[in-house]
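First chain written, first letter: the chains are A, B, C and D, and each begins at residue 1.
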Amino acid sequence: MDLITRYQEVRRRTEKICSYLQTEDYVVQPVVDVSPPKWHIGHVTWFFETFILKPYFMGYQEYNPDYNYVFNSYYETVGNRVIRTDRGNLSRPTVIEIYSYRKYVDEAMEGFLCGEISDEVKELMILGFNHEEQHQELLMTDIKYILGHNPLFPAYNRAHAAPDMEKVVSDDFISVNEGIYEIGFTGDGFCFDNELNRHKVYLNAYQISPKLVTNAEYLEFINSGGYQDFRHWHAEGWDWVKTNKVEAPLYWHNIDGEWHNYTYHGLEQLHLKAPVTHISYFEAYAYASWKGLRLPTEFEWEAAATQFNWGQRWEWTESSYLPYPGFAKAPGAIGEYNGKFMVNQKVLRGASEVTPPGHSRITYRNFFQTNLRWQFTGIRLAK
Amino acid sequence: MDLITRYQEVRRRTEKICSYLQTEDYVVQPVVDVSPPKWHIGHVTWFFETFILKPYFMGYQEYNPDYNYVFNSYYETVGNRVIRTDRGNLSRPTVIEIYSYRKYVDEAMEGFLCGEISDEVKELMILGFNHEEQHQELLMTDIKYILGHNPLFPAYNRAHAAPDMEKVVSDDFISVNEGIYEIGFTGDGFCFDNELNRHKVYLNAYQISPKLVTNAEYLEFINSGGYQDFRHWHAEGWDWVKTNKVEAPLYWHNIDGEWHNYTYHGLEQLHLKAPVTHISYFEAYAYASWKGLRLPTEFEWEAAATQFNWGQRWEWTESSYLPYPGFAKAPGAIGEYNGKFMVNQKVLRGASEVTPPGHSRITYRNFFQTNLRWQFTGIRLAK
Amino acid sequence: MDLITRYQEVRRRTEKICSYLQTEDYVVQPVVDVSPPKWHIGHVTWFFETFILKPYFMGYQEYNPDYNYVFNSYYETVGNRVIRTDRGNLSRPTVIEIYSYRKYVDEAMEGFLCGEISDEVKELMILGFNHEEQHQELLMTDIKYILGHNPLFPAYNRAHAAPDMEKVVSDDFISVNEGIYEIGFTGDGFCFDNELNRHKVYLNAYQISPKLVTNAEYLEFINSGGYQDFRHWHAEGWDWVKTNKVEAPLYWHNIDGEWHNYTYHGLEQLHLKAPVTHISYFEAYAYASWKGLRLPTEFEWEAAATQFNWGQRWEWTESSYLPYPGFAKAPGAIGEYNGKFMVNQKVLRGASEVTPPGHSRITYRNFFQTNLRWQFTGIRLAK
Amino acid sequence: MDLITRYQEVRRRTEKICSYLQTEDYVVQPVVDVSPPKWHIGHVTWFFETFILKPYFMGYQEYNPDYNYVFNSYYETVGNRVIRTDRGNLSRPTVIEIYSYRKYVDEAMEGFLCGEISDEVKELMILGFNHEEQHQELLMTDIKYILGHNPLFPAYNRAHAAPDMEKVVSDDFISVNEGIYEIGFTGDGFCFDNELNRHKVYLNAYQISPKLVTNAEYLEFINSGGYQDFRHWHAEGWDWVKTNKVEAPLYWHNIDGEWHNYTYHGLEQLHLKAPVTHISYFEAYAYASWKGLRLPTEFEWEAAATQFNWGQRWEWTESSYLPYPGFAKAPGAIGEYNGKFMVNQKVLRGASEVTPPGHSRITYRNFFQTNLRWQFTGIRLAK
């Protein structure tokens, strides 16, 4: 696919996601980890403007210098920016103004992409596509948080096609032999810098489940007092449970004794067969511990991933997010993309029901702090 | 004026104020004291629905029971409500939905007011008008905060008619004799319960300035190191200055050595002759102390107020907000209107450039915490 | 009494109070408002060294310049100091070292006082005595907090003579006529600057109780749900109750259904006839409100105080702590004594069971923030 | 060595460490991570009482049931306890009382150890020795913090024998070949559960420095602006630097342009040749990044540790603290020893100048949060 077509497809997909929103939904930030949708659509546009148009498109006229301040996410190299907790305090630029900005940049990009494109820029373009796809996933989860924390529980889109997650999968754990395995990206396509270098790891023999833990199974953990028994939890997880009075996954509501959860269709009765989601690493660990099992490492996951289905939930692993041997940050602002987050976070593997098609792969490494729940996280067990 | 006409006038004035806003401006809450404009327009509507229509209009059908939760401000009597810091996290109900709610209630009110209205309800109606007028003033100051804290400094309305505040007023202090003075509301019109009962106070001889402190005068205080010299400040005020790194009134910006301030027209050069505004009680006190003078008490203010012009700034007094002798809270939710705030706040007297016409009077008592600055506060000196 | 004798008496009284302590009791600071006893005994010594010896005793050799940093309380004029929350983090100087410092200063003072003493210094000496007496009271209440918050509930001194507070007092309210009253100190003896100037106030007719509210009466308030009913509370008091889960006065413990409280003798059954104590202003106000009565103003209290017994409890008044007409701060550090605290505090009148004999008087004004409870506060009702 | 002799040696070593303290030094807790020395000496005693005497010594009479509440550290299994931040708020039990408790338990232990000791108890005894040795190290670092944060900078012990750390070590990095290495404890002696199981890891070829980074080298980092350049830091580390205004290692003081640091002898000029210490993981990482190098993983460290000297500093590694394959918590309270901390901490390897002799070994895994600096941490580089 040529760059222009790919560019247009990616950009349109973002707009499609937002097409179900009311103007007001674009504006709010109910918790620091969630960004207002209008910030996302401005930020991904700013990314192309800052890293492609301004350095490489001769004669390009910056749309509005203030937008650098408003839409920079975390690139210290690129200068000051609105502090993260203030994103939801900005009524301006308005949604319409940001769509105008988008249109202006899109037209410039289409002009630019008609010309000769160097390999260096091509690589940046592909990074830009993947970057925008990551924000598409964040848009979906941030929108869910915004609407799902509103006391009126509005639906995002009643026609939203939820994937079928209730297929029967064998309960038999997959056995993997002890030995040396190669981990990390190889091949011609795109990967993020954190998937490199491909390297050897030694794994002990292990077993891994072909299926994700379901809501029904997780409910057993709740009903057997899992949230009240410190023995299953890390000390830090136990503090988190008590401080935040956590008693169930995010979006679960016990209404008159019956469990419901909020979905893109609004509040619904809990689907018992669906894989549990919106749980923190602390909860994933506690569940596994209660079961007498454990979470896989990211290496165990990758070495076995061709043998099971994945892609419904981002799966918490026991691995901390660390650089692979030989990892090196890129120079300049792009070097801030991944490396500076490699501390006090856990790796998640797989993909989720809201990951853009084709965005993930077996070597893909997602990462979040251990207390976060607003992504479509899930649990796969190992032993 | 009959009740229907008055009702329509008040309601239209609120809508006129909001007519200059973009949808996004209705949504955000950049600081806890500021409420989103859409919350204000819903809340004043809920006030009429809750205190007039539901108890007194037979057959009235509540618009949406969830709105009670969304638009209750602080009436414990009326039940649970969105916590104040969450008002800016709600994208729904949308602005359009709230205007529909407004319309529904307005139509019901107009129907109701065609019937016979008891004196008790009439009193509540007049309280409702005054309540909505208070929110009109808050709307103006909250909108100023929302736009004035946006990095793009958008104007509210470039045609907004700012009052002329640069008239020359005599510098001679007004002398008032020692003696007994009567304080508090008397007469037939409306007053809030906190203006009652009218009672005697004994005042020592004092002098009070006929004019407000100007920006030029306040600038002298800044330039002479007023914000760096603890001797002018209360201990608590000095902590506030240091913790918040306060160096000037709210909305003042020193750009390349020149003072500007944000107004409804956007960022402008500071008007030196205008009365200083957006200062906390701590600053008002420190300024007076630096001058070797003091703030008047609310009684001194009221006893002399016929002898000077007022109405441009809410004027900080030295008086704490306390009940007058014989003050009694009304029964029920209306009793929560004023009394429960009578601790750790200071009285302000007068009115401001955004007070609705006819809303204030010489006995009117406004009140705020000592650190707040987003109202059009000002300084009048006494000795 | 001559100055030396008075000096020695005051100093010995402080040491007597501390004679029941273990070394460890001198060190800790379980809450910011409480200072470690060793800090108190150093600070009152530093007061004489700083304000008498250093400026007025020629040839006086400062004991240790670092102690200025360690023992300054809040005098910005005198320079930097250990931040208040760090007082309990300092193991050095040790108790023995501080007593050596005390001895050194005492010897110097006794030498100094043998010479001619100017009226100016005499005044400072008397301020120093009163200052140390205030710290004697704080020592008693801080020690109570330190021991009373220890899980072992050690007694301070089992032989401590608690005053008899169970005398029967008439229930009949005292009636006071409307009119002008003179308020503030007059006479030859010592008073603090905040008791001046004597001035006239106009009081409406009122009634005031000759007795303090007892534990038995306060228990009725608790048992009737007083801590669960928002209607009795200020909005800020209600937040305080809920945030801190307050359910009874400080030091009350419900053990197996029976109320106990911690006293200088250790944990004891609650004395029902004793006046309630260790309640915040918020609680005093709520109790009065529940009774359908109110707290007196400080002026009402002073105008009637010859007609009832006082001195067992510091009594919360409805008055905010504000300057009297004509109040002026003294120049220099001594000017920081009172004036800079005149905001957001309430006046208490009377004295308490741990006030040094002769320290208080009818015009004495104590003051604390509305949430504080570690003093021997109490409730007298008015209407 | 028999158990009694070993017991007595360990116990005496603890008391020797405390013999240089004043009573007051035993009491304070200037930061949450530091425990008061009196708490340490009570807690290690409670450990023997709770895990040996109470379950295994028939007829043993518990010293004081309240001490379980006071001296339990983090064992949820054993019941409630003083919250960690309150340890420094307890003046009682006094130091003398705790030494009496110590003596009582020591006598009981000596009686107990005269009898037949099962293998199970023997293992617990050895755990108790190692536990007390860990607290000896903490005592040394907590005492340093207590005295080193006192404005008087008292010495702990002027005769304290600081190890010679200025021996010249080669600058040549040690090269290690790619391949499979065995990691984890093997042999007969004691190890903690977190050192098991011994297992294979695959390492890429790497180089590791035979020497620790010195103060002189770290000073170059400071002088070249290392604390002002975000590029060397993790995002979370950069936040930490800015929030806490960190500009140098803990205990460093720039006095009139010359660097000093606090040691057990008091404030001294910085020893340039000594290995840098009291730095956080964030700083260790930033230093390595500034050098264009990196920290070793704990596996790289262990595989090479026979080829260099270690034992002066706890050395930060790049490895997160995670369970080894096959790790299982012990049942009961002892199972809370290590496992529940295996999240969001980094592994340190080696030992420090205050580690008790014989306490550490090549497979020993220490662990701390990434921001902590009060241990004798250091930096060894790898590439």
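Here is the rule we use: a contact is a pair of C-beta atoms (placed from the backbone, for glycine too) under 8 Å apart; a residue touches a chain by one contact, two chains touch by 3 or more.
The chain list, named the UniProt way, goes like this: A, B, C, D = Ergothioneine biosynthesis protein EgtB.
All values reported here derive from a predicted model rather than from experimental measurement.
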Between chain A and chain D, which partner chains are common?
none
I'd like to verify one number: the distance from the centre of chain B to the centre of chain C, where each centre is the average of its C-alpha atoms, in whole angstrom.
37
Inter-centroid spacing, chain D versus chain B (mean Cα positions, whole Å):
57
Averaging over Cα atoms per chain, report the distance between chain C and chain D in Å.
45
What parts of chain B, by residue number, touch at least two of the other chains?
none
Could you run through all the chain pairs that touch each other?
A-B, A-D, B-C, C-D
Chain B to chain A touching residues, read off their complex:
22-30, 38, 66, 69-70, 82, 86, 88-95, 146-147, 149-152, 154
Note: in the complex, chain C contacts chain B through residues 74, 76-77, 180, 199-202, 204, 206, 230-231, 233-238, 281-282, 285, 318-320, 322-323, 325-326, 335, 340-344, 370
